[in-house]
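In the two assemblies presented below, chain A is common to both, partnered first by chain B and then by chain C.
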Partner chain A sequence: MLFLHFYCENKSFSRSRKYTNTGRSRCFLAMDTIHACFKEKIGEVLLPGDVFSFRLSESGDGSIKTEKIICGPGLRRNGEEVQVCKSGILRHKQPNMYWIDSQQRRYVPAKGESVIGIVTAKSGDIFKVDVGGSEQASLSYLAFEGATKRNRPNVQVGDLVYGQFTIANKDMEPELVCIDSCGRANGMGVFGADGLLFKVSLGLVRRLLAPQSEIIKDLEKIFPFELVVGMNGRVWVKAKTVQQTLIVTNLLETCENMTSQQRQTLFKRVAEGFL
Partner chain B sequence: MVRSKNNDAYMSATRGLCMRSMMELDQSCSNLREYGSEQSLLSKPDGSSTFVQGDTSILAGVYGPAEVKVSKEIYDRATVEVLIQPKMGLPGVRERAREQCVRETCEAALLLTLHPRSSVTVILQLIHDDGSLLSCCLNAACMALMDAGLPMSHLFCSVTCAISKEGQIITDPTALQEKESRALLTFAIDSVECNVLMSSTTGSFSVQELQQCIAISQKASEQIFQFYRDSVKRRYSKIK
Partner chain C sequence: MSNQEKKTKKLSTKYYYFMQRGLDAELKKQLDEEEKRIISDEHWFLDLPELKAKENYIIEERSCVPCEDLVYGRMSFRGFNPEVEKLMLLMNTHKEEEEDEEEDDVSRMETDITDEEMARRYESLVESMRNKFAKKRNRSTVTKSEEDVNCNVVGDQPKKVFLKPQD
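On to the complex of A and B.
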C-alpha cells in the first residue's frame, strides 16, 4: 500500500464531493485536456506553486464529459486549478490517480495507516501513544483482541504497539486501535520483547511495504529475521543474535540513497562476509 | 558543521547540491554573487539546508509539524517559530528583527491551516556574514522548508539591493558595499506571480529608486527560482 491519505479541497464548486470508505475524496472535473495536462509532467520534478489549470471546454452540443481525477498527497485543488504543494516527482497510477512522491521524515497521521507507537502514559481508560506526529494518539484499552472491562490487556508504559488509525484528521486527536473491523488482532497489538526499533525516512518505508519489494527480497537472502514496519517511519528488527540485528539495522539505514545495483553489491558483500 | 570552500566538497550529488557562477542580466546591473546550496545535510531535523551567497553562509534546520506548548498553540493554524543564532554570543534585538521578517514570509508561503495546533520551527545558524544576510537567511529557510516536505502554496526567495552614494544600484552587496551605501533594501519575492512578500529597508531613497530596486529584484529572483528547481531535480535524480 503505497499511500493512504488524500487531500482534496473542494471550494464551493458545483460538482459533488463523495467520501469513500478509505477517506479519499474525488473531484469531478469536466475536461478532455485534464489527463493531457498531467501526463506531460509524469515523472518530472515539480515545486510548490506549480499549477495545472483547466478550462471548461465548450462543446457544440452542450454536453460536458466528466472525468474523475483522484489527487493524492502533494496536490491541492484550488477552484479550477490543481496546485502542487510539495516538491517531488509526479506519479501516476491507472486509471486516474496522480500524486507527488516526496521525501519526508516527519509523519502526519492518516486514517487507515498502520503504525508502530510507543506507549507513554496510562490514564483511566486510555493509553497515550507516541506515533511521531504533532500530537499523541489515544488507544482505548478495549481496542485489543479479547479485551473486556474485567479482562484488561497487559500493556505497560514503554511498550511497543502496532495499530491502525481509526480517526486521524487535522482537527481531532488521532485514535489508534489494535483490532480490525471483525474484532480480530490480525497481527496488531503489543510486540517487541527483544529486538531494535529505529527510524527511517517515509520514502524508504513505502518502498519496504510495496507488494514486491526488492529490498526485502534481497535482505531475506542474507539470514532470517523478524521485521515490523510502521508507516510512521519506525522499523523494528529482531534476528537470532544481537550482531545480526545490528547488521540488518545498518543495511536498512544505508540502502535509502543507493541505486539497486549498489544495494545488491553491498548485500552480497555482507552475505559473503557473514558466511 | 562548516564546509570548506573546496569545489569537490560541494559537488555532492547525493545531497542535491548545485553551484552557479556570477550571472549578468541585460543592461540592468543585477549581478548576483556565486551562490550554492545543499539540502538534507543534518540527520536530526525534519528538513535542513545551507545557503551560500559569495562569502555569506547560513545553515537552516526545520522541525515540523511538531508538538506545541498549549500557551502558543493556535486553534486553526500552525504556529511558526523562527530562531536566528549569531556566530558569537546570544541572540539580540537585531536577530529578533530579522526573525520577524523571516517568520512573516514563512507564514505567507506555508499552508498553515493544514496543521492546526502544531508548530513549525525554523532555526537559522549564521556561519559567516559578508553582506545580504537577511536574503541569505530567507533563501536558506525556503530550501529547508521544501526539504522538510511542509505544504507550501508557493516558494519565496530574497534579493538585497544597496544604493551607493552616487545613486548606483548594486544587487547582493558585500559587507563593505553595504557599509558604504546610503540605503539598503531587502525584498522577498514569491515564485508564482513575482509579487513582493516582504520588504525591509534602511536608509533614505526616492520612490523611483524603490521601484527600480523592486524591478531589479524581481528579475534576479527568476535566476534563484531556476536554481531551486535545478537543485531539487538533482536531488531526486537518484531516486528515479
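On to the complex of A and C.
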C-alpha cells in the first residue's frame, strides 16, 4: 500500500494577487489522485510560479511507481514538484501528458522538432543555419541523404533547408540534420526554388499542424498550392502564380487574429473573387 | 631428480611459451588471474556507498509535437507537388500506425516492406548502379533532377569531346 501526502498550492511571488486555497487537501490515497490534482486546473489559466507538489512519505515502498507523468512545454520538474514556468492554459492528453498552452513569437529550439532554416555560412565541414533562435544551428554536410565525403550536397548560402534538431538544449549550440535515424531524407533537405518565406507566431503554426486543422481544410478549397511549415514560426508558400502566392500569404497572416466564423467568410469571399 | 624436473618444467613454461602454438587452458587461467590481481591492486575506485539513482516518475518533455500530435510539416494540396503528397500520406499513416497497432488492416496484403518503399529502394539502386558504371567525367552530372522533390534545376555542362588538332 503506497501512502502519499500531497497538496496543491498556488504561490505568488511578485504579483499582489492572492489565491484562495481551494485546492488544499491532505489525503492518503493512491497514485490516481496526482492526476486529480492536475485535473482541477485543466482548462484554467495558470501563471508562472504556480506549484503542484507531491510529497512521498518515507513509510511507503517508494519503488512501485508504474505511472509516469509527462510534463510538456511550460511545466518544469523541480525535485518532487511540478512548477509552471509560462503563463497559459493547462491542457491534458490521455493518459498522462500535461502542458501549458501559451502564445509567443520567439522560438526556442527543442529536440525532435522540424524547422525551416536559412543557410548563412559555409565553413569547412558544417553549414551555419539561422533558425530564429538565440544561436545559429550547425548542419553537417554529411547529414543529407546520400552524402559522402566525396559526394557533397549542393547547398549554397541563402538556401532554405527543412531539418530536424538532434541536439537542442540551453547549454550547447543546436544541431540540425536532414535525415532521419534510418538515413532517409523523408522530404527534408534543401527546398524552395520559388515561393515566399514569411514569419508567423508559434500558436498559428501549432494550429496549422494540428491533426484536423480547419484552416488547412478551408485553404485547400481555394486553389492548389504547396506549403512548408517550420516549428520556428516560418512558413513557406508556393503557388502557380505570384498573385496566388501572395493571397495565401496574406490569408495565413490574417488568420491569426480571426475567429473561425470570420475566417470562413473571408475565405469564401476570396474563393468567389478568384473564380 | 624431481627438483630438476620441476625446474625444467618451470623453465620450459616460462621461457619457451612463446614457441608454442597456444597456451594451455590452465596456463591461460593462471596468467589471467595474475593479471587481474595486478590490475585490481592498481585499480582506483571510489570508496563510497552505492548510490541508487532515484527513479523519477515525472518526465520532462520540451517539444510540443507529441503533446498535440502535430502532423508532418510539408504539405501540398490538389496535386501541386505529387512527391510531397506521397510523403504526406507516408508520414501521417506512419504516425497513425504507431498509435493503432492493434487494428488489423485486412485490405492490404501483408508484406515485409511496402510497395512504395520497394519502388523507392529500387529507384535508388538503379541510380547508384548507373553512377557506378558511368564514366568518371559523367559521374558528377548524373543527378536526379527530374525526380527531385524540390524541382531543383542543375545546369548540364556540354560534354567534352576530343578536339582534333587543326595542324
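Basically, the second predicted complex is superposed on the first by the 229 of 275 C-alpha atoms of A that agree within 3 Å, B and C clash if a C-alpha of one lies under 4 Å from a C-alpha of the other, contacts with A are read in each partner's own complex, and residues count from 1 in each chain.
Here is the rule we go by: a contact is a pair of C-beta atoms (placed from the backbone, for glycine too) under 8 Å apart; a residue touches a chain by one contact, two chains touch by 3 or more.
It should be emphasised that the depicted structure is a prediction, and the values quoted were computed from it without experimental measurement.
Superposition of the two complexes onto chain A shows chain B and chain C fitting side by side, with no clash. In the superposition on chain A, A:K86 makes contact with chain B only, while chain C stays out of contact range. Of the two partner chains placed by the overlay, only chain B lies in contact with A:V45; chain C stays clear of it. Contact with chain C, but none with chain B, is seen for A:Y162 once the two complexes are overlaid on the shared chain. Between chain B and chain C, the partner in contact with more residues of chain A is C.
Within the superposed three-chain model, A:W99 lies in touch with chain C and out of touch with chain B [touch as defined at top].
Of the two partner chains placed by superposition, only chain C is touched by A:L209; chain B is not. Judged by the touch definition given at the top, the superposed model places A:R77 against chain C, while chain B stays out of reach.
Superposition on the common chain A brings chain B within a closest Cα-Cα distance of 11 Å of chain C. 76 are the residues of chain A that lie in the contact sets of both chain B and chain C, per the superposition on chain A.
Touching chain A in their complex are the following residues of chain C: 55-81, 84, 87, 90-91, 124, 149-154.
Every residue of chain A that touches chain C in the complex is listed here, in rising order: 63, 65, 67-73, 75-77, 80, 82, 91, 93, 97, 99, 110-114, 146, 154, 162, 168, 186-187, 189-193, 206, 209-211, 216, 219-220, 223-231, 238-240. Looking at the complex, you find that chain B touches chain A at residues 14, 40, 46-47, 63-68, 109, 111, 114-119, 146, 148-155, 190-192, 228-229, 232-233, 236, 238-240. By the touch rule above, chain A contacts chain B in their complex via residues 7, 43, 45, 47-49, 51, 74, 76, 83, 85-89, 101-106, 108, 133-135, 170-171, 203, 257, 259.
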